[in-house]
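After this come two complexes, each holding chain A, first together with chain B and then together with chain C.
For the complex of A and B:
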């Protein structure tokens, strides 16, 4: 039972990590109607900048700040030079252009940092384990990520529903032309939203650095999960993507933890491990299929 | 008399053209993508040997054409075809990954190309698909897992929890480990390929209370796993074992202190004490300003193996039977010391266990003992050579 609760907690933690990445994606996708495959590249850049600055200054929080600033600048540049030309185009053009950006960022990172993965450690102040479940440590850093994820969720809510910028954003999202006619500078607003999405992505990347390998293409595998999250959650919905992220984190974790054991009860140990492992890796896609059959628009409507 | 004179003139002429036209070696490897550092190290090791001999191997001028396969089998085939058709290459080497090798090697050797593998050693190419034109100078894929299994067994750990990604090489790795490990398997887990979070697996692992853990998670997956294993505090209670692939000098740079204390199986180590190796490590460090990995050592050995055969045949690769016979003898000074080929053209060699230690600021490997003497792969019997 204790193990089950610990696994639930692991699922929660994975879900929050996914939410950090998916929130920026769903903002850009939902409000601007733009499919941005290069969101994962900003995640990678966030991790690389955090690692580099942290290793030079010895201060992880400085590293994160530097990554956020870099991502904001990059976001503005990308939006003004590339994305702006794609709003009126078909989604296919957006996919093509942003896929090109993935290749561009991967090669650029290889040229700047080399192909060897970077090292970054958990900041000293969080490098201990908490005895949560009576049977060994749970890394404090992961608990910090959960807390931070929830803080960011609340902050996004306040920003979107209770601030002027949020109001403008919602207006621009529901009717672009009308908002423009009322004197809102949509171009500037969109640049801002895109940069903000980039910042959220870089934050997720910077926080992931100490736990995961900081390497080229690290954003692509999580990007797929993030897309699953926003599709299940309902495109453009922050609340929906939070629920979907937790759901996916928990289903994925419990699947990995219990499906192999389940198959081993009536198969040989090796076969059970293979079949259970395979099924666990498609569990979230099965979940997505079921949810989309029941609710084709995703769990939550817009914003 | 005149006939003899013609032959002499002709042979002089031929040898002159041979001298003017360097021998082309097709070097197909993975340089882009995140796995690019593997190909980089194999290439750098290989080119170091060429450079030490002033652009020659075995007294023959060589031109090494290095091309990237982007880790894709179809790209590998495309580049290899170009090597043969455009550059008339008859000697190839360099492939890092088994899936690329399985696509490229059978096709090339059937066209008469001689291929020397400096890394990938899939079981099929060591067994039923072995070929007289194919040599592997590194290892058969299972070897380092076998050595780690043997070490964990000999060290007296009564149970082992084993993990690998859910794909063919992962299953081969666990099979290789179990081939020599006699204790109880406390758990056998196949994870998603490319997985980054292992908290679910680590919680289950801790609950199973094994005496030891063996994992094969190449590349970034291994970095994730070792970091998270240490962050969960598990490295203090359950010792971790793995093949050298997750503990090469460049990965250790990214994992840091989390890897200290891990024992890993390898056919080579930078502190393996023999004259060739000491000289190689020094020269590599001087030229590239980093400690060589096992991949670099394999590239260096591949070049010196080719050099030995070129020297024995006077640079004549057109007489393939003689060239292959010369390769089979493996008359070169390997950085591994003991080295010879088995009947299936795969190494019979010693395999060691290394410990990850902290040396000043640097996390590095230290030789901890020899596990196998003259170890041969399990597939040699399936090969008809």
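For the complex of A and C:
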């Protein structure tokens, strides 16, 4: 039982990381209609900057802050120099250009940091375990990530539905021409949204640093999961992507933990491991297929 | 009459086709200037050139002496150029009240930080409701704009445009698709607001045009072929041949 709860929390933590990544992706896709494959690169850059600053200063939180600032600046530069030219173009151009950015970022990271993975220690202040339901210990750091994810979800809701920026953004995403004719500077709004998405992505990368290895290409594998999340959640929907991210995180984690054991109960140990393992790795795609059959637009069609 | 908007020799061609050629117009305060002409004459293109949604190949646009030529659409809107669309344009996914709030917020974006909690700005909400009251939309305040009738959407669009305090109003076929009653209300409305601004009215409803306009310009094949008072335009043989004649013959 305690193992199950631990796995469930691991799933939640993965889900929250995915949500941070997917929320920026879904905003940019939903509002600007831009497919940004290089979103995962900012996740990677976030992790690298966090690792470097943390290892130099010994302060993880300083590392995270540095990563967020870097991502914001990079986001503004990328939006103004590259993305702005892509909004009116076909998705294929967007895919090509942002794929080019992935290669650019991977090589840049290789030049700056080398090919060896970096590692970050869990910050001292969160390096303890918490008793879950009176038994066993669960790392406080992972719980902190889960809590932070929920806080960010709430903040995003307030921002989108109750702030002036959110309102102008919703106006712009719904009727771009008219918003401009009313005097709203859509370009600046788009730059802001893109940079904001970049910051969330870098935050996800920085937070993932102490849990996974910081290495070149770490953004691509997680980007695929993030795309699955926004498709399940309904493109452009923050609420949908939160639910979908938790679903994906939990299904993926529990699948990997339990499916091999489950198949071993009625198969030979080696066959069970193979079948269960393969099934676990496609579990989220099966989930996506089932959800899209029932709800082709994804879980939620609203922001 | 004070001239507000002056456009001189605007030109726009798409490929080899001159959509708008040598287009010059002056709009004065308190004046309704109607722009008529057959479909494809370039009327909507001309409006888009004025608002900056299309960039003119040549020519200049000034608003109260300020050169607008190099400004983008939102900057021209901030300078005082308001417009409505041929296809009624409101933000369907938001409530009627939110639509009004956005129009009011659009004007304040320079001097207020974006994180202001909108529902806390009661003066703004009062102002929005005031506009809705004036345009007989207050009972629909909480409904989605997309659920309004065509006439109501047209009123909301004009209300939003007026909320941005335009000096010059460019109306692209505001009566199209409206019922007789809605059309009559629109005529009364334009009469009421014209004192405080200059209005360029593109319209196919000739009855409305001759009822409202102080000046009528006629466009054909991208050019203004005549521009004068409604009484004279009515009798201009060139105009009758290019436009009015065809209409009369068909009914």
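Simple rule for what comes next: the second predicted complex is superposed on the first by the 297 of 303 C-alpha atoms of A that agree within 3 Å, B and C clash if a C-alpha of one lies under 4 Å from a C-alpha of the other, contacts with A are read in each partner's own complex, and residues count from 1 in each chain.
Following the convention adopted for this analysis, a residue touches a chain if its C-beta (ideal position, glycine included) is under 8 Å from a C-beta of that chain, and two chains touch if they have at least 3 such contacts.
Fair warning: this is a prediction, and the values are worked out from it, not measured in the lab.
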Q.
On the A-aligned overlay, A:141 touches which partner chain: chain B = first, chain C = second, or both, or neither?
A. first
Q. Does chain B (first) or chain C (second) touch A:165, or do both, or does neither?
A. second
Q: Scan A:117 for contacts with chain B and chain C and give back first, second, both or neither.
A: first
Q) Does chain B (first) or chain C (second) touch A:181, or do both, or does neither? A) second
Q) Just chain B (first), just chain C (second), both, or neither: which does A:222 touch? A) first
(Q) So in the superposed three-chain picture, is A:257 touching just chain B, just chain C, both, or none of them (first/second/both/neither)? (A) first
Q. Where on chain A do chain B and chain C both make contact?
A. none
Q. Tell me, which parts of chain A touch chain C in their complex?
A. 159, 162-165, 167-168, 170-171, 174-175, 177-187
Q. Touching chain B in the complex: which residues of chain A?
A. 3, 6-7, 10-11, 13-14, 17, 106-107, 110, 114-119, 121-122, 127, 129, 135-139, 141-142, 208, 210-218, 221-222, 252-254, 256-257, 260, 269-270, 273-274, 277-278, 280-281
**Q.** Residue numbers on chain C that touch chain A, as the complex places them
**A.** 51, 53, 72-75, 77-78, 82-83, 85, 89-94, 98, 101-103, 105-107, 109, 112-119, 160-161, 164
Q: Over in the complex, which chain B residues touch chain A? Could you list them?
A: 31-37, 40, 166, 171, 185, 188-192, 194, 196-197, 199-201, 203-204, 206-207, 219-221, 223-224, 227-228, 231-234, 237, 250-251, 253-257
